[in-house]
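What follows is a set of structures for review.
Note that chain A is present in both complexes that follow, paired respectively with chain B and with chain C.
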Partner chain A sequence: MVDSSLLDAEEYRRLCDYLYRHTGMAFTEARRYFVERRVEDRMIATGSSSFASYFARLRTNLQGELESLINASTVNETYFYREDHQFACLTSNLLQERLRMKPRGETMRIWSVPCSTGEEPYSIAIWLLENWAEVDAHDIEIVGSDIDTSVLEAARAGVFGRRALMRLSRALTDKYFTPAGPEHWQIIDELRQSVRFTAANIVERAETRPHGLFDVIFCRNLLIYFDDTSRRVAAENLYESLAPGGYICLGHAESMSRISSLFEVCRFADAIVYRRQPEAPHG
Partner chain B sequence: MADRKMRILVVDDANLVRLYYRQILEEAGFEVEEALNGIEALERLLVSPPDALIVDINMPLMDGVTFLGALRRQALPLSSIPTLVTSTESKAADIEAARVAGANFYSAKPVGREDLARTMAMFCGVPQ
Partner chain C sequence: MPLIRNGSEKTARVLRQALPTLASASADERWSAARAARDPSDIPSLAEALVHERDARVREAIFTALARIGASESAKVVLPYLRLNDANTRTGAMDALRAMPDACHPYLPELLADPDSDVRLLACDLVRDAGGAEGPRWLCALIETEPQANVCAAAVEALGEIADTTATPCLSRCAERFPVDPFLGFAIKVVIDRLRHVSPAPRG
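Then we have the complex of A and B:
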């Protein structure tokens, strides 16, 4: 068997101890893949030839390496069309499935949480306009929520740098953005008006409940930062925020089955997503 | 040969729908204006009459059928602006109500990209 791990068990334990003492973030064995990828990125960025030399750099905090690793591991670094295979799944499968089950004419509700500075909910809007031939036939509501109110302000302003737009074609950038100063682009007004931004902490039921029921929730790369207890609470709140038969998409390194047995796993051609059981038919 | 672009007024309360139609029509060479409901559309008409209209049925404040009635009661040439009614309703009674109110054509949503552009070209007499 080939061991593809970057770190051996002892190295991983030492790294996690160190991070826990300095950040309070508890990285467990279950998050090993995630941590190793971040370490690998940082090793490449710093030109470290081995984990030993990288770890020495980290412990002496050479050129602020501790902060760089923490930022790489927590910062809600995101961009337009990130993991767009899930958006493909949205338009190929999820929306059609939801339409089959919903009363005709009812609004299709999509929730992006956490939405950070808006890249994800705006991506969903653009994706629907570009890829869903029925976009004019349904009322669609896209809501972006985050616990951090400063990112919500930025999301509403909708101004992005080159990095956030790197995965969008030139044609899409020209179509949906206008230049807003050097190296910055603002998303067009029509799209800004098409996404609603609200504050919400998903471990607080009192904050998620007023948002109502959603057909599809995107909650990507958030649960990985929680400990087991918060993760279970969050999963329960997300479940309660889904309409029966509604879907939730997680980040590619996350697994709902590991957190909660409330959801059923659904495998589609473009993505694996989770579903709240539809209500049993009456009679 | 027209020396200006033909102008279409899109009347629909959904932001995404207006944006979607705008892009299709602009790509097809039209100029596009927007209104969120019948009341706003009537105001727009008086300020600068478009060459054709696309009107949704279900809208707040003033729905599409009421708007059409008001449009057709205007003086010429305003009252004769060709109008495509678009709606998620596709029952015979819905189509009949739009026809009676003065629709020139009725398309059930979703309206295909090409159909939308072609219908507007036909309404405006644009050779293709």
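Then we have the complex of A and C:
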């Protein structure tokens, strides 16, 4: 059995430093309990008798341990309204900021990548309809992209089980879904037709550039799985996919600062996000 | 409903297709040219551009291109930038080298023996990510003779992450060489305590 006070201060610092350098995930002291529990789970799973022996295993990435710890430290299961504080930031701050900078009448473009089976882009659509007073005054395009074409088919079908809907109120479920068999619901057609799904590998510039420029990109819990080079390439592709002054939202534990200096950090009441400089320097 | 439907004529603004070069007067074009480089034959052009490039964004794209190509020559191009006084470029060079550990690996012994102690210090950090199985041995050898305490401290820090109990004797000897440096002594004690729980890695 693993001791409940798992890591001393120095060990915790070293672990966080390692995860930051290798994944871009940034954990503060406030997240210590969460991190320790994940490490404890992985120590038990790998039969590691001490943190030192577990850390040696992690460092050598024995049997993919780094990915296992990442998986344990992130919620792989996707569902509606996941990390909705970023959606709150979207409607409270980001869209207003973008409107201030965009030519009048230009479409507001939002990209969800990776979109998996569609929960995130549909969540954005529902959130906007429910929470943005100006939603009727602007054209909004939502694009969901994923490298996995099989999940895109499921996304287009828009049929979800109870777990995916667990954070939606009954009222929202009734408003935006129709029953689709036992314990399953389908997004209403009108909403389903309002999200465009495309295949895209964000490490491949040739696949990201045709998507054009977005005002806001949601790219959550993806970059942490890449190696350093792929992460840098992906960050540059995302930069190119943002309109000047556009925003990118990463997962709650992710930090772009470790990956790239291309973006500036923006701290809002509901979330920390990253921004492409409004005016790209010209040389 | 205001959300745009699939197949709408309101499509994405397609980026202008240009034929950019690394020598263009436009930073955007130099950025695009750097981003398009992905072949070892591009390394000389990237190296030349890096010498003159003053735009941080373009410089980062050049570093990324070199890392993506990942050839030994890529690392060779980046190494001189570890010596710059400009911290941003130096950090960019370090990040690029970390991103191509295999290409960086052959140069590490040379960097660890560099006359410039700042370069040796940075090399200790690189060994952590790019040293592979030889990393602990290289760092142990360094702390046996390294005259600068801060370089030893960087090596000790890295050893704490990558070494096992076999590093303990040279760590102890390093502490003995700097008896009046309380920070280094403390750092070595912490690492030795930690390594006590790490079994030697299988050899061969």
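By our rule, the second predicted complex is superposed on the first by the 203 of 283 C-alpha atoms of A that agree within 3 Å, B and C clash if a C-alpha of one lies under 4 Å from a C-alpha of the other, contacts with A are read in each partner's own complex, and residues count from 1 in each chain.
Here is the rule we use: a residue touches a chain if its C-beta (ideal position, glycine included) is under 8 Å from a C-beta of that chain, and two chains touch if they have at least 3 such contacts.
All of these numbers come straight from a predicted model, not from anything done at the bench.
*Asks:* Determine, under the contact definition given at the top, whether A:175 touches first (chain B), second (chain C), both, or neither.
*Replies:* first
*Asks:* For A:209, using the defined touch cut-off, is the partner it touches chain B, chain C, both, or neither? Pick first, second, both or neither.
*Replies:* So A:209 only meets chain C here.
*Asks:* Once chain A of both complexes is superposed, is A:167 in touch with chain B (first), chain C (second), both, or neither?
*Replies:* neither
*Asks:* For A:133, select first, second, both or neither according to whether it touches chain B, chain C, the two together, or no partner.
*Replies:* first
*Asks:* Report for A:125: first if it touches chain B alone, second if chain C alone, otherwise both or neither.
*Replies:* The answer is both, since A:125 touches chain B and chain C.
*Asks:* Return first, second, both or neither, reflecting whether A:102 touches chain B, chain C, both chains, or no partner chain.
*Replies:* A:102: touches no partner chain.
*Asks:* Which holds for A:37: it touches chain B only (first), chain C only (second), both, or neither?
*Replies:* neither
*Asks:* Look at the residues of chain A and decide whether chain B or chain C touches more of them.
*Replies:* Partner with more touched residues of chain A: C.
*Asks:* Of the two partner chains, chain B (first) and chain C (second), which one does A:194 touch, if any: first, second, both, or neither?
*Replies:* A:194 sits against chain B and chain C alike.
*Asks:* If you lay the two complexes on top of each other, which residues of chain A touch chain B in one and chain C in the other?
*Replies:* Dual-contact residues (chain A): 125, 128-129, 135-140, 190-191, 193-194.
*Asks:* Which part of chain A faces chain B closely enough to touch in the complex?
*Replies:* 105, 125, 128-129, 133-140, 175, 188, 190-191, 193-194
*Asks:* Okay, in this complex, where on chain A does chain C touch?
*Replies:* It is residues 10-11, 14, 18, 21, 50-53, 55-56, 59-60, 107, 109, 125, 128-129, 135-142, 190-191, 193-196, 205, 209-213, 227-229, 232-233, 236, 240, 260-262, 280-283 of chain A that touch chain C.
*Asks:* Where on chain B does chain A make contact in their complex?
*Replies:* 14-23, 86, 88, 109-113
*Asks:* List the residues on chain C that touch chain A in their complex, please.
*Replies:* 1-6, 8, 10-15, 25-28, 30, 35-36, 54-58, 60-61, 63-64, 67-68, 70, 88, 92, 95, 98-100, 129, 160-162, 164, 190, 194-199, 201
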